[in-house]
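Structure incoming, see below.
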Amino acid sequence: MTRLKTRWVIFGGLFLMITLSYLLNVRFESVASPEVQKSYTYIEDLPEGSVIMVSFDHEASSLPEIQPLALVVLRHAFKNNLKIIGVSLFAEGTAIGYRLLSQTASEFDKRYGTDYVFLGFKPQQISAILGMGESIRHVFPEDYLGTPTDEIPVMHGIVNYDQVEMVVSITDGALTVHWIEYVGSQYHQQVMAALTAAMITTYDPYLASGQLFSVVGGLKGAAEYENLLGQPGGGNRGMLAQTSAHLYVIVLIIIGNILYFRDRKRGKE
Amino acid sequence: MQQRLPIAVCFIAGVLMFLQYFSPHPVARAVFVTINDYWQIIFAFTLLVGIAAFVKTNLKQISRGKDTPYRLIGLAGLVLMPVLALIGGIKIDSPFQWAFENMLAPMQATVFSLLAFFVASASFRGFRARNAQAVILLAAALVVLIGRVPITEMISETFPKITFWVQNYPSMAARRGILIGIGLGSMTTALRVILGIERTYLRGE
Amino acid sequence: MDIGLIIAGILTLAIYTFLYKDNPIYKAAESLLIGLSIGYALVIYWQTTLVDRLFAPLFWHGELAMIIPLVLGLLMFTRFSNRLSWLSRIPIALMIGAGAGVAIPAMLYARTLKQMSASVMPLVDGGGFNVEALVVIVGLLTTLAYFYFSREHKGAMGVAAKVGTYFLMIFFGATFGYTVMSRMSTFIGRIDFLLTDFLRVLA
Amino acid sequence: MPCQENFLLISVSFAVFIIIMSSRLKAPLYLLLLLTWEVSSVYASESGAEVRWFDPATLPTLVLSIIAIAVVLYTIRLVQSGRKLSIREIPGLKAVEEAVGRATEMGSPILYTPGWGGDIQRPTTIASMNILSSVAEKTAHYDCRLIYPTHDPVIMAVAQEVVKEAHAKAGHLDRYRADDIFYISSSQFGYAAAVDGFISRTKPASVFLLGTFEAESLILAETANSIGAIQIAGTDSTIQLAFFIVACDYTLIGEELFAASGYLSQNSMILSSVKAQDILKIFIGLFIVIAVIWATLDPSSTWWSF
């Protein structure tokens, strides 16, 4: 029973800690890491009307961490009047991708079809990625809503990756590896990854070798990006909660040890 | 026959998939695509078998009057999704997607987020400095934890540097050791399977 | 207020009741989650695999070769028969064999060769001694010594294996510490949903 | 698609050949077959300019594969010629007996699950099956209930066979309950929620988490801890190992999982594989030492990078 009671205290503490710090909404002036800065600058420097491809390669369960990342990148693109082609390599990312795109688009009065399009989901990621290198409309003869790709204004003049300035892969797993290994190396396309904090180390080797252009990682990356953009959002809001949760875990470890040494001392006596 | 045929199938599939790895030839690519397709299709059928078994077990429990309401909820959920898909398709704004976004996805994300609590309770319990190894485990965890709190980054640049060092050298070395071991273990197991020595999956009867 | 949000919020809270202890509310939510997720998988696999890859090519485009995977798939159903259930081993054997065949080169490349070459760094670098290179090679070799099973860990081997466990502990500790941030974000995201969308405390 | 027909032709003739030969299948024959095919394709890659049969970039992998296969076959030979192989003690394994004993004493079941991350063709899952076989034999002997939830219908099918045979081997086929080995949801967190619920309701005395785990690892381990179960874990996912080490009573680290299946069953073939892994580890160690010395003396050289 003590086992359960201890757990309740720990759980309750975490719940309070995060809820309160989330409500406080303190803004963090964190300095952008070089990776985030690089991502921001690249998109910032693209001329108006350039096309970027955003791929939603994640599951629904990691949406809490993915959403701020996706929103900040999409907002930046729409703010600078870039055009967006959305795709998804993961079935679960499909509906979410569409919703995030249309949500952001409405913030900036962008119209479906002329400013952005969502092509939907294709299984067999590698063949889909390679196929788009030859012809995007061959892989996606129609968009997510069933309109023939040829009839969509954004897609006019777009054949394959040559007309796309960058691929942004939003991921909670290893799918971006396919973009890096196939599109990056075969079609010399710049690939940027917006990913969950847990995945950052997985992509370090690709970043070091230059195969991956840049990374925006975790809530922290989102917060830094939001600061550069001057539009605080979910990332910023989460930073204080993140920090307090971290400190909470450290304190728990310390208390655990204090209790342990106290018990051991008693045991000896 | 009951043993030999599966072993032969396993061997052929194994050898073909092994060899195609080294070849960019169209035939090799075709082998890969074909076997991969077969694999996916067979998997879809096994899913049907699994679902059939799931339904069977649940009906059996209901007939025994065990947990009837919960079993019914489960079966209702199972039936609901295909029915919605039949009514309105599976595209955006369909009832199917609505059920996914408002019922399934939030629950999955919430179960995932239970991890935050379990990380806390595990930290409390699992990092006690019982012996030399535990002390090292504790120290490494604290260094990285402290180094990654956004505040420490603002206070000093040393901590993130230490964190970086620990992660990229000693920690990375051990990770590589683990990976090499797993690579070898997987390789020998796979080889036993292809050679028909490992027949776990053929057991029974 | 959007009915979808209400349902999502209630289900979210229902799952959280498990943190207190197992209870009928959680049990109901859990049953629903299991049922819905199986139903979802059924629809998705039916559409993207069975229809798109099997039925469409076989029945509409007349690719007769697709009869093979169809038969293999149907063989799985022999599991429900006592006499014929051995037939289901054939598709299982295909899956296991194919997986094993790919695993050999793929595992050897990604998990062994790549890791070997990444560990090689010169011990002397630009005139100075490269501590990092030494740490990496000692760490890797002692970890491998820990995974050496043919001999008891005694003598020199014992010392090496012991050092190996220290490196392993550094890895485990560091990885745990590293992952905490991501795990916390998932909960922060749910709190955001509850406070902003569901309860509308934050607008 | 002509390639597909080509492939069918090859595989059918190959199948016929194998079935004819299968009465006397011997390992060396396999090796010979493999090597001839591979060598001929290497040869073809040199002569044929248009369609290459061999991708030179995969040469290091091919060389290592051949060395590794040769070493495995050598150790199999060793065992066949009567050599007894033994492996060192693995701490987590002592606990298996204890775990079964504890469950029997308390009259509670044992829960065994292979994780959400793996499917049947993953070598880790197969190693987990071998351990399951040993555990099931013990539970059959002590008449202890064994519950096995899984996310994969194929794993369910195979596990049923494995457990059934283990019961037969222990001479207690009557104690085998097929319903206790069941499929629950292919969704990661559907699976996690279900196993969690199961653990808190059936209150198993011991929980075995052996296989490929992803984020669900800690959810299961902590729930098992909350009801006071002994947890024995083991996985090949490096990140989840960290969680298991912190949260579980015993953890089999990576390769230990493979060795454990040999240790428990004392199956000479698995033991021979463990021996082969050790021999290869010595090769790898030597390779790295030589390469590091070489790199120190000649920093411009890169022959070790693949």
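We call the chains A, B, C and D, going by the order they appear; numbering starts again at 1 in every chain.
Just so it is clear, a residue touches a chain if its C-beta (ideal position, glycine included) is under 8 Å from a C-beta of that chain, and two chains touch if they have at least 3 such contacts.
Quick caveat, the model's predicted, so the values are computed rather than measured.
Chain centres here are means of the Cα atoms, and by that rule the chain farthest away from chain D is A. Chains joined by the most contact pairs: B-C.
Averaged Cα coordinates give chain A a centre that lies 20 Å from the centre of chain C. Centre-to-centre separation of chain B and chain D, using mean CA positions: 14 Å.
Taking the mean of the C-alpha atoms as each chain's centre, chain A and chain D sit 33 Å apart.
Within chain D, contacts with two or more other chains are made by residues 4, 58, 61-62, 65, 68-69, 119-120, 122-123, 126, 154, 157-158, 184, 186-190, 193, 225, 238-239, 241, 243, 245-246, 253-255, 259, 274, 277, 281, 284.
Contacts with at least two other chains are made by residues 4, 7, 11, 14, 18, 59, 61-64, 198, 201, 220, 242, 245-246, 249 of chain A. Counting partner chains per residue, chain C has residues 15, 18-19, 21, 27, 29, 33-34, 36-38, 40-41, 44, 49, 68, 76, 79, 92, 95-100, 103-105, 107-108, 112, 116, 118-119, 137, 140, 144, 147, 168-169, 171-173, 175-176, 178-181, 183-184, 186-187, 189-190, 193 touching two or more of them. If touching chains are joined by edges, the resulting network of the protein chains shown connects every chain directly with every other. Looking at the complex, you find that chain A touches chain B at residues 6-7, 10-11, 13-15, 18, 28, 30, 59-64, 92, 95-96, 98-99, 127, 144-146, 201, 220, 239, 242-243, 245-250, 252-253, 255-257, 260-261. For chain C in complex with chain D, the touching residues are 15, 18, 21-22, 26-27, 29-30, 33-34, 36-38, 40-41, 65, 68, 76, 79, 88, 92, 95-100, 103-105, 107-109, 112-114, 116-117, 119-125, 133, 137, 140-141, 144, 147-153, 168-169, 171-173, 175-176, 179.
Listed in rising order, the residues of chain C touching chain A in the complex are 19-21, 44, 48-49, 52, 118, 178-193, 195, 201-202.
Touching chain C in their complex are the following residues of chain B: 2, 5-7, 9-19, 21-22, 35-49, 51-52, 54, 69-71, 73-82, 85, 90, 96, 98-104, 106-117, 119, 123, 132-134, 136-145, 148, 165-184, 186-187, 189-191, 193-194, 201-202, 205. Partner chain B is touched in their complex by these residues of chain C: 4-5, 7-9, 11-12, 15-16, 18-19, 27-29, 31-47, 49-50, 53-54, 68-70, 72-74, 76-77, 79-80, 86, 89-108, 110-112, 115-116, 118-119, 132, 135-140, 142-144, 146-147, 164-181, 183-184, 186-187, 189-190, 193.
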